[in-house]
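What follows is a pair of complexes built around subunit A, which joins subunit B in one and subunit C in the other.
This part shows the complex of A and B:
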């Protein structure tokens, strides 16, 4: 191999290595901190490598809080929001992709607007609405609020993918005696699975990481998602840092696994229609 | 009663009218070809028959009943798309069986998830499985049944599309340029296969194409369209031998019919206003006409032996025959700017006559092979015996 090519290759690996360290170090530091004792963190100083002998202490400390329940609540909120966003998003995306109707442009505009408005801005009116409809302190209410933000993204991602499906395939199904709804469920949706996966990831993580609405709308400690539960560790006089980071690690792991499982499909989904197939 | 009738059908997209007052009957069991250049409205017409496009005005009759508002399902047609429109996520077997499965679906089978289970169960139903297999055998697709469309060649995909159309045994087959994506050799093969299929099933075929060879070789009748207007409805032979106007004369045939401007003077006929020709038969009474003759009806002769003096400009050897493009020798004939195709007169001769470019020659013809056209409207003129 020519020296120049070798140098370029070495530089490329160096750059990748730096990026991996930049992205991975917080996770490593989170794990290391979690396995340090609070006395070390606040006293003698943190040890930079994992102290595995402290693992039982971490487990007993996390045992004092309902972290399993909080994770389950988070899963309910994230999965519920994802299912609802994908269901409504595929219907709306199909309508926007295939039908001509008055106000079509306006619908697209309003969907886009939801992404522009900051969540904090609509917190107060949403709170008032939730009181009126009895949705306060309810997981369903929180799911609905999250869907308001994740649905437009899902809708746009799916609409883009549906635009790339040739009309003829759909017309062929209609000729074959397939009703419209089944054209969507049996023909179109299986063809845009990568985009569905991409939209699912966006919706799922929006629900998984959500904090603002959850901390505002949920008062009952047993309904909290993990994000709010984690924040509750921070006390006025004391913050058990190893427990916070331990809980954060437990909170992150399912999301990381979920992402690793479908990352290939996400890349395919986000680039659908970018090049002629 | 015709299988299908068009009564003053028109189709507009906003202010743009793509089909104007279309009238035609399609008879039971015939192979009707809709032929015309791109954008003439032939595919739109096919989509209107299938119920995929709305009819703006006029009536479409299926066996005498007005079918304008009928759903595609009620029309009982099969449609083969130009792009084949196979379902990419299904195997060949599932693609072929899909229309049968849809016919067997109950309403609640269409529920999400239920439809997946129902489809899998119906695929195994003996009548559906057997029918699918029978059609696959008929089109030599049996070894490919468990493959997906992406792994098939163009010809194989085309056959799958045909199989999917055949499986339901409809009364009417609609084919929208199904061979246009195939290479020349495969196209010839598939042309024969589709013709054979038509003879075998004996149903009505409506076939859209812009390829005159497909139309001439497959059709029992041809409807030639241009700019949304029917130019001629006739058998392939009649369309070729007796074109209704200059558009049809130019569109059918390769090379197309030679259309030469001619003047009728008291002293006889003059081609291109200058070349006097002793026609030897009755000529139109109009002053200016278009003189039409097919390339194979012209005779190529050595200089001075024919009635029309000419010069060889193009020689195209096609193997068994040769097409020779000649320039008629008028006063302007020496002008090189006239060396463009529509100024040339083409002669088709068998074998290789050994002509060289620039060589002087002459052309001759039999007067009964000449067709006359109105120079303004392009309509064919008939010479009525007094």
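This part shows the complex of A and C:
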């Protein structure tokens, strides 16, 4: 029995090792490629280990990519979308968690639908609508489009958290005729801060990562977020790969850090709705 | 307080829920469901990009063209193959990964973090790094392939490999997510039951089938649904890796829609692609709904 057990254990570690290499290698390769010189990448051959001595070259090369401006635009899009979807999402979450009302089932159905409908299906009508209202080629228009998809997720996460808050906590305030809106903002929301943080991270990075809407609605290069800016290098002949992947790494790091931080919360919010695609 | 005051307050109370639910619902109506309805209408018009708000109603004209176009059937086939394979491979690998790291071992949290990279990296960044790895002349995959004597592959530009390459990147992105969901579900498997099975001399495979699998089945189903939905929706990775090519071998409905609209300038025709996409999405939602109802019934028994 013992040797068989040992074999199973060895196989398990081998499997874990293979999985770690396959899952981790692309990110490792992104970092080492960024630290290669372009003469190495396209000429003498890529060095497979991190050449930290090339860091100054990478920094000076990043100067050729307007990554600062792109990240700033990305930040505006992500933060604006987060504020809007948390505000609307907490209202919807509170209504679904605390009230019975006509059409509640339909609201649930609509929220579910937003998670199944591909973004591309409303691309064309939104484009037409944005032309009419002057929202094409504007960060505002992009934020408004993004929030349609992040609001329901924020709502699901927040509703789940509110369901766990006992009604007794707000009961006395309601008897004292405290307006329900104040009950939400003064009593409930402070109690579910961890879930608000999780919903904020999800909404923020939905906006941070978004590409389809941004690449369609923004023509002005100065408005591009990093996703569109970085994608603009695709198909170019002899792309400055180290700078592009260096910028891509800078763009990825916040997402990696925050998603790893809230991974468990995301799964908890999953029982009710989809989160990140 | 007078009785009438109380009454009017109660009368007002009936409207309180709507004060909360209406703003978000109106928002979704304006920016999600009205556009969706409009896209359905546009699929019956000959709208072009020069004047997107004025298209002539042409009845089923777009659909007649669509159903005669081999490119449409190819796109439908690519979407289905891509979705089904992503779900099968992604869920299987995610499940295997979750089972492999479920029990404690040294360095588990680091391993868990690394395994989640593919899910956490933004789609555009993932596309860029894989584009470089797939690069025919200087990419690592072809360097290794040459080293072991296989020669170079046209990972993204040959109809034989392009869909497989796109699939590989997609699986890299979705399998970690499946793993995460399954890992959470595995925590709900009672330790005593597993121990009891072990003491009874059950081998790992039958323990898994009899004890673990029933516990994690709902989680696996949910993960499969989400991966399905995301596969139908996915745009960035496919568009950036291959642009739908070569010869349409990776052009899913979503990629085709965007190209018809903004490269072909035919918004009405693009909306017809969208209508087919909506039917597909609704089908998936309906299947999920029925499965969910059946699960609820089972649980209440």
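Going forward, the second predicted complex is superposed on the first by the 224 of 277 C-alpha atoms of A that agree within 3 Å, B and C clash if a C-alpha of one lies under 4 Å from a C-alpha of the other, contacts with A are read in each partner's own complex, and residues count from 1 in each chain.
Note that in this section a residue touches a chain if its C-beta (ideal position, glycine included) is under 8 Å from a C-beta of that chain, and two chains touch if they have at least 3 such contacts.
In this text, all values refer to a predicted model and were calculated from it rather than measured experimentally.
Of the two partner chains placed around the shared chain by superposition, subunit C is the only one that A:234 touches, whereas subunit B remains out of contact.
Of the two partners subunit B and subunit C, it is C that touches the larger number of subunit A residues. In the superposition on chain A, contact is made by A:251 with subunit C only, not with subunit B. Judged by the touch definition given at the top, the superposed model places A:182 against subunit B, while subunit C stays out of reach. Residue contacts after overlaying the shared chain place A:172 against subunit B, while subunit C stays out of touching range.
Shared-chain residue A:95: touches subunit C; no touch with subunit B. Residue overlap on subunit A between its contacts with subunit B in one complex and with subunit C in the other: 181. Against subunit A, in their complex, subunit B makes its touches with residues 50, 52, 72-73, 77-79, 81-83, 85-89, 98-99, 102-103, 105, 110, 112, 115, 119, 164, 168.
Of all the residues in subunit A, the ones that touch subunit B in their complex are 166, 168-169, 171-179, 181-182, 185-187, 190-191.
Listed in rising order, the residues of subunit A touching subunit C in the complex are 8, 12-13, 15-16, 19-20, 22-24, 26-27, 29-30, 33, 41-42, 45-46, 48, 88-89, 91-92, 94-96, 99-101, 107, 110-129, 131-132, 144-145, 147-149, 151-152, 155, 180-181, 184, 205, 208-209, 211-212, 216, 226-227, 230-231, 233-235, 241, 244-245, 248-249, 251-252, 255-256, 259-260, 263-264, 266-268, 270-271, 274, 276-277. The touching residues of subunit C, counted against subunit A in their complex, run 16-21, 23-25, 27-28, 31-36, 38-39, 42, 47, 52-53, 96-97, 100-101, 105, 111, 113-133, 138, 140, 143, 172, 176-177, 180-181, 183-184, 204, 222, 226, 229-230, 232-236, 240, 243, 254, 257-258, 261-262, 267, 270-271, 274, 277-278, 281-282, 284-285.
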